[in-house]
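The data blocks that follow each hold one structure.
First chain A sits with chain B, and in the next complex the same chain sits with chain C.
After this line comes the complex of A and B, so read on.
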């Protein structure tokens, strides 16, 4: 004699088979041998249902704890199936009123069919999971890991897929193709390290690396320093604090392109600072950083700092506000000078904020591109080239994907070289502590 | 000799007047508690003494020296905060020695003082730990130690026990008292907890709206509160108030509104000045002074009432009932069994009562 649980399992199993048969019939199976497979499966599932009915005497989903949720999915499936059917000619013939909204039904038709299938799949999945455990009063492993918070798991799925697709698969794909001689289109013709050899023998790449290093180090130091100083000054119960904060943060609302253009004009000798000072009477005054090979990167740096420090200041200010006021009082009572309080007490307490800020600044450094394009387009000559621009130019202008991929792989490697020891120090140590 | 003298102290935050014309003198070795509900200006006053807030007007003297415009560190004070305010990335020892190192003391001296303070506070085992690895009580000890190593005349406590649980609070309270007996320093202690105030203080200053309502030793404050607010604030459970009028005869009596019992005879009550006319007033009697059962029979004032709620508290049981529409609480022995709705006879001696004017709420 079958137990209640077993009969339920078989019952759900046969429904599964029938569903599979339905899908097969819809999709259609090409090879001759399997052409009638769906009917065979349907037959099996029918026989199974009859057999169970004969053995158990009834079909009931009682023992299954997930049945309510499964029913919910089935109802959802029914709704979307109904929606789909509204778009069908035969239904519209039956109910002429539906015709008036034909456009709506037609829009929903493909989605509705897809949703129906997905909803039925979920319902079946729940039935299977629910009937899996012999002791149905208690959730088993699958149920705990899969069904709990099912909706949130479903909601997270697209993002998980995107993240995996973009960050893992696309990265691997890029690295893979950097070893090929892909030109305009990716090819799988391996040429070993040739792209890298070419990359490292190119003056332009060396210039890019050098510029990135100067820009990176200066931008890191100055934006942290200026940002923290501004935040510390604003934290002294400054009057009009909100106004100042807004002013400092305003540049952040501008895109890099706009920032770049504004600073290009300011630094332009024909109508910028040089022009103004000369018109004041200092005829021999020279100030044209964007046209000087040696200092052009500093012209870009100024624009970058102007754009970014306000945001850093806001982060720092938030961090400072998180410090207990009584710490300040205690330090004052202890007779510790303010600068020493900042350096020895407050800044160490703000460690998490500094780490966040560091990551944000570092990401900004690596991806610097539009600022250069707007200000100098890499000129004069190649003197303000940066790696991101190198990658872009080779991939989309020079139509040399392999070279672009090699350069971007090098960027990735350099980021990892910095990031891995840092992450190890930051998170590896915490595990031991 | 006076340790702290506060003269005509005023403090405004913009338009808001927080402290006004406040005078306060604290003797050397005295333990003064500033007590009041939140927002009464007690912490503000303490911060002014510490120099963490700039005063609007007035002067502060510590040990005879005018410190009104001195930096906190130069005033010879040590301060303990509610949130401990320990420096989280330093060890306990680092916390204790940080201010000393900053004051450029010699290494031996620092070592000696840290050793001494940690012995007094029994935190020798904790010296190498960081504050995050300490319990609340241990943290507060370290915070006290940080004030202790500085070898100061005056200790300021800003609600130091408010973040601790009830048990620890009691333990640390006793320890602070011991510390005071041992060091004999002047201490100012801000709290909103009246038990802490009563147990610790030599004198209590009860504050309200930036004014000191009463400044006296705990016993006097408990027995002779100067106004109804103080009477309500001090004592747990709070005082019972009965509305009525004082009849000025040879023997002044208190005629209770509703006349639900004989008028208490106030001839033994010490009035500030004799009552000439009939005055509307509150009669306050503490639940502890109300007796019940057989004892009540010998009391000058007695009446019966109905038990509404019984709150057993171990040693005592607090009984809630209503008298002429007003709440009336009294204490009975913890072993007494009373049932709800039972009528009992209670009584009290008007000598233990306090009488306040109905309008001004001042003691008569």
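After this line comes the complex of A and C, so read on.
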């Protein structure tokens, strides 16, 4: 006679095997000897569960306290069975409308059959656990994870799938494939650091990095400075504060494409700023950043700052409002001038706001892509390329996936360099608080 | 106001010390603010002015001068005739594509994220925090590293270059910020309400639809503003996950303005740019504080 714990362990083991088989089937690994090993394993686990049920002695489905939950799993099984059947030729003959979506059905087909069996296994197990009710002291591990708070777990499924399926697996996938020789299509043959060597010996990548560094440093300094100044000016019990704030923030509602195109027009040497200053009498005035390879990145910076500083100002303003007003009174009583109060008291107090803002700006800088595409398309020549554009071009235009993967991995690394210390600080602060 | 303070002189002085309107401090303060405000408004002004001029006037005048002869022809042309490659049906197609992308994406992403946030705030389960941390971390990872696996996934599903595929993408990448938004909001709702509903026999979905959702309409409004502007302004996903017939407005705008062939019609370009910016601008000016709340919510915890 098996104890409850033992039977649960057996069951978990067989479910694990079933999942291993599922992954094997999805990835496409087929063992040489047993072509249908997965199904064999599933069959074994099914028999095992039935045997556990038999050992349990009785099946009282009518009085079973878990039968509603078990029905839920059976319904899930029906759904996935339906999904599987949609992919079958005979069903598609019966309902021709299904044929239009056959790509979707075909994708889910291998998965659906397994899911059906696994769901039936879950249901069976719940019946068994429920029928052994009198012998249970407290809900076991399986019952806890399959029954308790189940709606919440199902509701959080999209989040789990996104977090693990996209953010983790997709990232790892790309990082792995940056070590391969993928060109048109991704290959899985490992070739070491060759892609990275190529990347770091490419002029275009160096240009991208240099541009990103200039753009990043300047935009960090200027947007923090301007944003803070504007916020401080608006915090002087200023009249029309709302109007000013609305004006400073409206560019943030516009897309980078719109921003880039407007500034492309304003900086146009034939019609824009340069022409106007020349028509004022300064004939030799030269200001055409978008056509000068040395300063083109500053032309982009101007547009980027115009778009983003309003947002920084808002963050800073929120930070300033969070500061105790008594401090101002105290400073005034002590006769400290206002600028000194800002530098020596207020800014140190706003440290968390500054750190958060810094991380937000930094994460935004590395993604900069649309602005460059709209304003200069990377030109003249390669003088305004940025890493994000490098990645896109190599993945989708140059058909050189490996380079794109390597470049995007470098982007990831640089973000992690910023992010990990921040997360550490943040986590540490919360722990102490 | 000096006059006002004179009439109240018989009472104890209260409120801040009355100041002259033209004090040196005020001149510097408002002078700077107005100067910066003008700088911020110039691009909008230039866009409007240029889009109302004819081409000959643009060639002769400067970009800041107001139009001598107001013409709406560039607007009509940008909407209905501007060319991208071989297609010459203007921005209207992009506009309707963007509408078709934005509405379902906003709806789906908010529905999923709000339920997620609710599960995280009120029905915690083991391991929930781990997934949530990964999710928030994912918001900072450059999209570029996740783009290609998603292309493969959508291609396998047969949704690559189709609108439903793009909707899935927007749902995925909108999830971190929206989930954070909803989770933070739902945790501020008093727990007693939740407990009372449970005592009355409401389950997971019952509490969500009857208690939580009606109580959190403001946060739904914030989320809608956030998502509509975000998805409307998106360029990267639009250009990767759709084909030319389905290009959203931003992508089409870029193709119209930056196309190399033909004579550049700056007035049409600016009209097209303004048309594309009109939707988010309208939302921004109508929603006002909600917009600020939305973007600040993203910044609360990083």
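The definition used in the following text is that the second predicted complex is superposed on the first by the 264 of 433 C-alpha atoms of A that agree within 3 Å, B and C clash if a C-alpha of one lies under 4 Å from a C-alpha of the other, contacts with A are read in each partner's own complex, and residues count from 1 in each chain.
Everything that follows uses one rule, which is that a residue touches a chain if its C-beta (ideal position, glycine included) is under 8 Å from a C-beta of that chain, and two chains touch if they have at least 3 such contacts.
Since we're looking at a predicted model, the values are computed, not measured.
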**Prompt:** Which partner does A:332 reach: the first (chain B), the second (chain C), both, or neither?
**Reply:** first
Look at A:191 in the shared chain and tell me whether it touches chain B only, chain C only, both, or neither; answer first, second, both or neither. neither
| Is A:324 touching the first partner chain B, the second partner chain C, both, or neither of them? | first
Next item on the list: With the two complexes superposed on chain A, say which partner A:345 touches: chain B (first), chain C (second), both, or neither.
Entry: first
Q.
Is A:252 touching anything from chain B or chain C once the two structures are fitted on A? First, second, both or neither.
A. second
By the touch definition at the top of the document, which applies to A:311: first (chain B), second (chain C), both, or neither?
second
In this superposition, the partner of chain A with more touched residues, chain B or chain C, is C
Which partner does A:302 reach: the first (chain B), the second (chain C), both, or neither? neither
Chain A residues contacting chain B in one complex and chain C in the other none
Seen from chain A, its contact residues with chain C in the complex are 101, 103-104, 107, 148-149, 151-153, 155-156, 158-160, 162-164, 166-171, 173-175, 177, 186, 230, 233-234, 236-238, 244-259, 261-266, 268, 271-272, 275-276, 279, 306, 310-311, 314-315, 318, 356-357, 359-360, 363, 366-367, 369-370, 373-374, 377, 387-388, 391-392, 395-396, 401, 404-405, 407-409, 411-412, 415, 419, 422-423, 426
Per the touch rule, the chain B residues reaching chain A in their complex are 47, 50-52, 71-74, 77-79, 81-89, 98-99, 102-103, 143, 146-147, 150, 158
Listed in rising order, the residues of chain A that touch chain B in the complex are 324, 326-327, 329-337, 340, 344-345, 348-349
Note: in the complex, chain C contacts chain A through residues 16, 29-30, 32-33, 36-37, 39-44, 46-47, 50, 58-59, 62-64, 112, 115-116, 118-120, 123-125, 128, 131-132, 134-135, 137-138, 140-150, 152, 156-159, 171-172, 175, 179, 203-205, 229, 232-236, 240, 250, 253-254, 257-258, 266, 269-270, 273, 276-277, 280-281, 283-285, 288, 291-292, 295-296, 298-299, 301-302
